[in-house]
Each structure stands twice: as structure tokens, then as C-alpha cells.
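In what comes next, chain A is part of two complexes: it sits with chain B in the first one and with chain C in the second one.
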Partner chain A sequence: MNGSVLSVRDLRVNFQTNGSKVSALNGVDLDLAQGESLALAGESGSGKSVLAFAVLRLLDDVADVEGKILFEGEDVYQMAHGRLLDIRGKGICLVPQSPGTAFDPLRKVGVQISDFIRKVEQIDAADARSRSITEMDRLGLRPVKDTYENYPHRMSGGMLERSLIACATATSSRLVIADEPTKGLDRRTKDIALSALLSTAENGALMMITHDLTSAKRCERTAIMYCGELVEIGPSESVIEDSVHPYTKGLIRSMPERGMTPIPRRVRSDPGGGCRFYSRCNEASEKCLFHPDLRMMRGREVRCWNVDA
Partner chain B sequence: MRTWKGICAYIVRTWRGLETYQKAGVFILLLLITIGSLAPWIAPYDPLQTGTPFQSPSFTHPFGTDNLGQDNLSRLIYGIMNTIKIAFVAALVSLAIGVSVGVYSGYYRGWREDALMGVTDLFLLIPSLPLMILMASYLEPSEWNIVLVIGFLWWCPTARVVHARALQVRNQGYVRSALALGYGGPYIIWHHILPNCKQVIIAKFTMGVALAMLAEASLSFLGLGDPLSITWGSMVNLAYSCGGFANDLWWWYLPPCIMITLTAAAFFMVGGRKNEGRRWQI
Partner chain C sequence: MLSGRSFILRKILRYCVIILIVITLNFLIPRVMPGDPLINVLGEDAALADPALIAKLELKYGLDSSLWDQYLDYIGALFQFDLGYSIDKSSQVSELISENMCNTLLLILPALAISSAVSLLTGSWCGLHRGKFLDRLMTPASIIIYCMPTFMLAMIALSTFAFHLQWFPLGHQSSSGLSGLKAFFDTLYHLALPITVLTIIGISGKHLVLRNSVMQIADEDFILVARSKGYNEETIVKRHVLRNVLPPFIAMVALNVGLLVEGAVIIEIIFSLNGMGTLLYDAVMYRDYPLIQGCFLVLTFTVLISNLVADILYGLADPRIRDSARCSEEIR
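Up next is the complex of A and B:
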């Protein structure tokens, strides 16, 4: 694909635990083009973060990873270790999920940010410092000089989250993968953080993992994950405002402003051979005992038998 | 760049963070080091100057004289720096080896860990004091033998403790984020693993100095140290071999024993950390 930043082909990730096999990702196909932003939503345990880590080849020794991940045409799982270190951070920048533990408690937050900028952009310490201060200021971490000199334990979760985002937005990585970047932020700071993240997508791409469908709507495309599979993927407007998959509809219904009704029943640990959502679906029929494929319907791809074009 | 002001502020902050007994330990050590480094001006006599042997304590010789008539107090003061220097260097050597092995195997894991920790276990099996006696008696008598023996034998406990701590630290979120951001092993070890192992490294170092002092004293007492260097251990040895113990000349052998105990205790005090007010955890 022309201008493709990331393409994931039939990605399968299995974890081996005491003899039993847990499948975290079950054949994920995904493409991110230059300048595109994608939101990845789904319940906890649906494999969103595993996907992020798999893209960075950080699951290497704990999981079996099958399939292909191409970053700008290069297979992440075939490249030499040195090249991989180069791509992590410089090519693909991860905003990790837990801001509370993502910073070294013994080093100043600002120093950790400018250290990273220095490494990626190859600039000197003073430049890196001023650039990280600018970026922290843009993200509303004020008074910025004090924040720069602070240690992580003296900052709130929301401040640390924004500091993490500053790492990604101060550098020009080709792909930013943000794992729940709006956690712990209020409306206004969330807006600032989202705008900063989306602006990085202008000369690269953004993949944002989120539970918050309102934030997801600001991305161009939204993908909904369930049990390690994409169940609906398409333009955010149509996926969120006019969803067709029963699972997506359930997620929308569980939003606070849409009635806050959770999806009934729990995720089955062994989903069986049919549709993985079968046991919880209120629209299930006999056809659902067979595994559905993603089909193009009404402007998006859906993995459901019961949706008609 | 750190300025003088910054360094002073750092020292003050560190000092305030210390427990009372740690402050006491630091105080004792600073006092000893001051006296020791000013030995040529403070000591009343040249430690090698001979005179009337076996004198009892008096105003001219507060701790009496030894079998050659050398002033015991002067030898005690000159012994401070020799003893601390040997112990310090020995502890430093064992610390350098132990920390490298521990951090390296703890961070990289895999076959490197198996190999290095296997070697550590092997070294732990070697009984150190008999080997020290053996080595010291075959090598030329020199104070650096002790450094060699202690340095190359006592890194194992340090390696194990640092290894355990490194295993904890490498699973922390910040190490994982550093990996995700493309930092390589050396950077992560230097900037994240080592600083976060600081506590156990410092504790192990001060304990190492104390233990090295005791080992030096034992070897010197057994006559395996350098007979020409003035250390507290060699003073006790002299008192033992020249009748100080037999004739109960306590002012000869007791002061160096007390000094060894005091200094070792001071090092333990600096490095030790009280655990819930009950136990001493090193």
C-alpha cells in the first residue's frame, strides 16, 4: 500500500501458561496510512495493549507471535536488534499505559523527557531541555519550570500522563501508539492532550487505545476489538454514531451519556469455534455457531452474520 | 553542571535523611579519618622510633610502649589510615566485581544469568578464611594480598543481593517504557537499574569495608600480613607474640582491639538500615 506506515497481517499472539494456551490476538489485520489516526476500543482484556506491544516486538520472550508486522515496509520481526532499537522511540513511540510507574522515581520528570528527545533527535542538552519545556507548557503542565524539576512522586496521575504524552509529541516519530492517553484527565486537559496527539498524526500516524468512545470519535477511524479480533472497523463517525455490530452497540449503550447499560454476561474464557461474541449477543442466531469473517458493509468492515448490506 | 551550591545542598539533604545511628557512624568515621590523615602532626612520636620497651601507661606514653619501645598511641594513630585504606580498597574491588556480575546477570537474564550465578555459587562454596591463609602464606607478604583475597572472594554475596534487586527493578514500569522507547541495555543499566539498586549497593559496601577490616585484622593477627605496615591487626599480633597477652599488658593489646571494633561498628552503622524497628538489615 502506498504511504503505509504500519500494516499488520494475520497477527496471532498466544501466551503459554502452565500448559494451557491463552490466545490474546486471533488474526488481526490492520493498516495505518500516512497521516491517519486510528482509535482502538474494546473491553479490558480484548487484546488492545497486546497489539501495541506486539507491534514494538516487546512480547518476544513471553508469547508466541505469528503473522507479519510491517513498519514502513520493514518486517519488525525480521530486523536486526540494532535496527529494532532504532525504530522503537524514533520510528514508533509508545505512550505507555500506567503513568504512575512509567517514570523512574529517582530522576526528574523533565530530565527524563529531554533525555528521550536528545536520544531521538540527536540534539544537545540545552536544546532538548527547551524543547521539552515548550512541549510541557503546551500540554498545560504549569508552572512549567517547577514541573520540569519535579520528581514523579510529586506529580499527579494526570500530570504524569501528560508528561508521557509530551515525550511522544515533542519528537517526530512516524507512528505514535498511545495506550489510554486520556486516563485521569479532565475535559479540558483531555482536549489539549488529544489535539497534541492528533497533530503528530499529520506527518506520521496515530494509534490510540482507549475506553473512551468520545475521544475515539476524534480519530479518523475506529476499530472495535473483542477477544483478540477486530469486530468492526471503519470511519469513526459511522462506527460510533451508526454502529452495526451488536458488540459495538453494547459498548455505546454502556457509555454514561447513552444509558450506562453494561453488556450482559462475562467474556467466555473459551469462546469456542463460532462467533466469539455468541454467548453475550442478544441478536445471535444459528448462523453464529460458525465463525464470521470481516465483511465490507455500510462503509465499514464488520464481523457479524446478522448485518445486512 | 552541578555547582558547589548544588553539592552542598545535596549533602545537607542526604544528611537530614539519615537515621540517628547512621549520623553517629558518619561522625565516628569522619573523626577517625581526620585524626588519621593528620597523624604526622597529632601523633606524639614517630611510630618507628624505639626506646625503652614494655613501659606502662604514663603521661609521656599514654598506652605504654611495645617490645621495641615504640609508642603505642602513635602506632595506633598511624594505623588508622593504613587499616581503613586496605579495607576500603578491598571492599571497592569486591563491590565492583559483585555489582557488575549482579546487575549484568539480573538485567540480561537467560544463559548469562545461569552462567554467572553458577560461578557465584561456586565461589560461595570456597571457605574464605582458609583460602586467605593459604594465599597469604604463599604470596609475598604485602598488605595488598589482603585486598586481592578479599576482593576476589567476597563479591559473591554482593552479586547475589544486587542480582535479586536488579530482577525486581527490571520488571518495573519505567524499565519497560525505556525498552519501548528504544533504549539499549547499557543505558537502562546505567540510568535505571544501578540508581535503583543504590540502597543495597551502599549497604553492601559499608558492610564489606567492615568485614574487610576484620579479615585484615585476623590475617595480621595470624602473622600473615605485611610485618612492616602498621595496622591494628599487626599491633595485636605483636602484643600476642611478644608476651603482651601472657603478661596481661592490656594497654598494649586492648586499644587496637577496641579501635577495630569501633570502626567496624561505625561502618555497619552507616550502612545498616533498621527494619520496622526490630531487626538490623544489612
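Up next is the complex of A and C:
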């Protein structure tokens, strides 16, 4: 099967917070095929985590979600609750953003991993335990027997992060969404974690949210998000090594190894309604007062008026 | 890693020190008060009447020896449950207290058990179903009852259900001359109303705190993560929400013991029941110092012991508490 694993169509998410409306996503389109890995990058607050939660339909209580999300052809927002519970965890596995608060503080970390494996794979407790120990060991959580028996508050952020990753890599879900899985990891453990995550894409798909463009390069494709919109999406090689959108170029320039020049907070005033990046863009022109659409250009899709084929 | 047993031993050791301090204060306070203890007991006229008798009594009660010797005697007596003699009631203080303590426990223990169980149910349900009918009924009612003075609630209950409706007797522990099963049901009939009042007071305090704890835990990140893993709501509530509400619940029940002891004192007086409340009330009225001292000591012990039990259970229920206890020990 080489079909579509995830397909997001014109996704819009609005939060109602005491009277005012906050739009977190403004029309996101995204496709992930079987065997594919996609990196999703962008500044904090651009809506990356909201996208992850929306895919799992976890925002029902707090936000208005419009658009369509298909997982293996099934509309996540139309399916019965029982089917949804089946897809969460078993079909789509989320590696959440904040390792420090993601585990129940009163239960041993290893037990929480085993419980999850046991539920998803429907194997007995002993098998689940040995499988989680194997996986924790692979991710460098050593000495593994002690780590297994530890409570979350006794573990560092990096150890908890890898424990969260272990949940995803020890099970065979068809889509793994990892939200900043490499933060708090040193170079060696980061490599191990990345390889483990990428290997899940072999019989499914991986969407990895990250701030680290070096890690993004290891995914096949990279998508750049700005203010709830994708502004550039295409093969990682092209998007990162040969970026064309002014925002992507800014992100690259702000990387430590590329000079660490931050994107300015504001260059000019924004009349609104045009390109969302207008006020901070150093290449803006008259055309940018109108909102640009994604256009195919130089082997990737870009949302910018000033890029020529 | 700190084992459960050494954690408990440390806690017990610490409470022993606190108990020693309480005993010492209980010993010292009457002795640093102005005036002579015997005069206090016998009245001003006694000193004028017969100095020889005073000297005899001083010898008898050991008041002629040094403070240190008196202290050792006092502790020695405590170990034999000897709390002194109540002249007013012509009886051993320890006997008076053990009789009345039983009655008070008969009031407090059922109230504590029932109110804990009920508030655990209503508090968690209302925390998980904010704004539903039961929540909108229970939560304001709890606030009103919690703010109401105990005597007022007791008076309202007494005048409504005992005086006007005559469903329950107006007071007293039991009718006399019954035995066996009859006596049990008779006591139940007499104590039903006071226990109910005390139970309602207990529920009001715990319901609110529990509801808020459950609401807070239900909003925690790990609950959302559990949901993302496809666990159903029943599993999430049982495995995560209720489990996490247990440590604050244990702490709250222990605090509640203090509240209920205080409530029982007032309720016993209003419902004319025998118990620590009426005993202490009489002791204060007649300035029966050995009895006051004994009552205070026993009530303090009750609260201390309930705190010790809560401390141990709290640590067993929450590994973070166990670890922070270890850290503070190590720093010292």
C-alpha cells in the first residue's frame, strides 16, 4: 500500500478566549504518504502543536475546528467515538511537547510505557514490560532496570523526552507525530532518538515538529509554518539548503551555525489583510498588501509574491 | 531510594519528639501560672484554714520536690495512664476521659467515615461534571454550610427534626435499661441526628476542596496526553484523576479530624450528650485543672495521631512527598 496516511484540507482552528477570537491555524493543507517523513518548523506560537492536537481531535472542548482531516481516508471528525479512541495511540501516536508534565507523577515511568504498549499491541504484561525495557535501552535510558522503576520527578527532561519517544517507537502506529522530540537532548542521544523516530516512517509516516533545522534535514520533506499558515513546503534539501521564502531564509540565518541573526520583530506597519509576514519582511513590495497563495516554484510550494520561477 | 519502612520510622520518630514537647508544655504551663496549684484546686480559703493540711497535700502530690523530679514523676504517671484526680467529680481523670472519649468517638468516627465517602463521591463527580444539576446544588450548599457556625446548624436541626417534627429525641445518649440489639438501635436512634449534623459539616468542607482538586487534575497535561493515547474516560478517571486526588484527600481528612473534634464538643453540649465536649465544658466551668489538663492532652494526642497517620499515608500515596522528606532529612 502506498496510499495517503494523513491528509489535511483547509484546516482552520480558532480559540475563543474570554470574548476575543484567536486564530491559531488559517487554512492548512498537508499530505503525508505511506513511508514519508515530514519536518514542521516555525517560530513558537505559529500553530505547530495546535495542528498536532487537531489531527487527534483533541481540541473539541476548547476550539472551533473547521476543515477536513483524513487519516487513511477516514474523516477523523466524522467517525464514531469508539473508532476515534482506536485511532488515537494505535493509529496515530503523539509524542507530546512537554515531557515534564506528560507523565502521571504518581506512576512509574516504565509502567506507563508498558501500559501503553500493552493497550495498543494487545499483548500480556510481561511481553509489554520486556518490550519497553528493550526500547528504553535502545534509546540510551541506562541503567534501564532502574529507569524503568523510576518516578517522573526523579528523571531529567531529556530522559523523560526519550521515554515519550519510546512509547512511539515501541509500537507500530501508522503515523507518529512528534512535537519537538529533540529538545533537551545532547548530540549523541539526539541522533539515537532521531534514527528511532525516522525508522517508524518505514511502515507508516512521521511528522516531526522541530525548531532545529539540522534535524529537519533528516526528514524527506520540510514544511515551514508562519502564523498558522504554511509558507514553504517541499523536499528538505530545497527548503533548507536553497530556501526562497523570506521567512525561511530568516530562520536559516538565525541558526547558530549560520550567524545567529534574528528575524526582526517589526520592520513596517501592517495594514492587515495582506501577507502575514509583511510587517517583518525585508523584501516586501506593493503586491504584498494582498494575501498570497501557495504556488509551485523551484520544486517546492511557496507563499510569496516576490519569488520568480 | 528511600524504602517505605524507613520513611515511616522517621515520621514516627519525629512525632515522638513533638509528643514529648506537648507533654512538657502541658506539664510546665500550670506550674508557671501565678498562684499555688493547691490553692487553685482547693480555693483561696484553704491556705488560711490549715497550713498543716496544705503541707500534707504538697507531700502527697509531690509538690515539695524539685521541678525536674516532678517532671519525671509526671511522665512516669502518664505511662501508667495516671492523669491525676478530679476533685470536682471525685474520680480518676483517666477514667473520666476514657469513658467520655468512647462517646465522642462514637460521634466522630461514623461522621468522619460517612462524610469522607460521600464527599469523595460528590466532590469527584461535581469536579468532572462542572455545571450539572448536582454541582449547582452541592457546591453553593457546601459553601453556605461551611460558613455557618456549628451551633446554629445543630440548633436548626434540633428544633426542626426533634422539636417540631419529633422524628428524633431531643437529646441524651440512650434510654436506660436496654441491652443487646435493642440498646444498639436505641443508641442509633439517639445519635442519628447529631451524627448527621456532624457528617454534613464534614462533607461541606471536603466536598469543595475535592471538587477543586479534581477539576485541577482533570486539566493537567498528563490527562490530555492519556487522552491522546486513546484511553477511554473511565480509565482516565480511575487510573489518573482519582489516583492523583488521593494525596490531597488524605491530607484533608486529617485536617477534618480537628474540625470534627471541635464540632463534636459543641454538638454534645447542644444535644446534651456525654462526651469529651461536655466533660471539658464542665471542667472549665468548675476550674477543674487536672481534668482540663487531661482533656487537652488527650485531644492534642487525637489530632497528632490523625496527623501522623495522614503523614504516613500521604507519603505512601505520593512518591514526591517521600523524596522531599528524604531530601530535607539529608540536608539536616
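General observations
The definition used in the following text is that the second predicted complex is superposed on the first by the 301 of 309 C-alpha atoms of A that agree within 3 Å, B and C clash if a C-alpha of one lies under 4 Å from a C-alpha of the other, contacts with A are read in each partner's own complex, and residues count from 1 in each chain.
To be clear about the criterion, contacts are C-beta pairs under 8 Å (C-beta built on N, C-alpha and C of every residue); 3 or more make two chains touch, one makes a residue touch a chain.
Just so it is clear, the structure is predicted and the values come from calculations on it, not from any experiment.
On the shared subunit chain A, the superposed partners chain B and chain C overlap sterically. By the touch criterion stated above, A:Tyr151 is placed in contact with chain C alone, chain B being left untouched. Of the two partner chains, both chain B and chain C are touched by A:Asp86.
Look at A:Asp104: by the touch rule set out above, it reaches both chain B and chain C. Looking at the shared chain after the overlay, A:Leu94 reaches both chain B and chain C.
Contacts of A:Ala125 after superposition on the shared chain: neither chain B nor chain C is touched. Looking at the shared chain after the overlay, A:Met296 reaches neither chain B nor chain C. The superposed model places chain B right into chain C at 127-135; the other stretches listed in 127-135, 145-153 or 289-297 stay free of clashes.
Across the superposed pair, chain B and chain C both touch chain A at residues 53, 56, 58, 85-90, 93-94, 96, 98, 101-107, 116, 119-120, 167.
Residue ranges of chain A in contact with chain C, taken from their complex: 53, 56, 58, 85-90, 93-94, 96, 98, 101-107, 116, 119-120, 151, 153-154, 167. In the complex of the two chains, the chain A residues touching chain B come out as 53, 56, 58, 84-90, 93-94, 96, 98, 100-107, 115-116, 119-120, 164, 167. Contact residues of chain B toward chain A in the complex are 172-174, 176-177, 179-184, 191-192, 195-196, 198. Those residues of chain C that touch chain A in the complex are listed here as 220-222, 224-232, 239-240, 243-244, 247, 317-320, 323.
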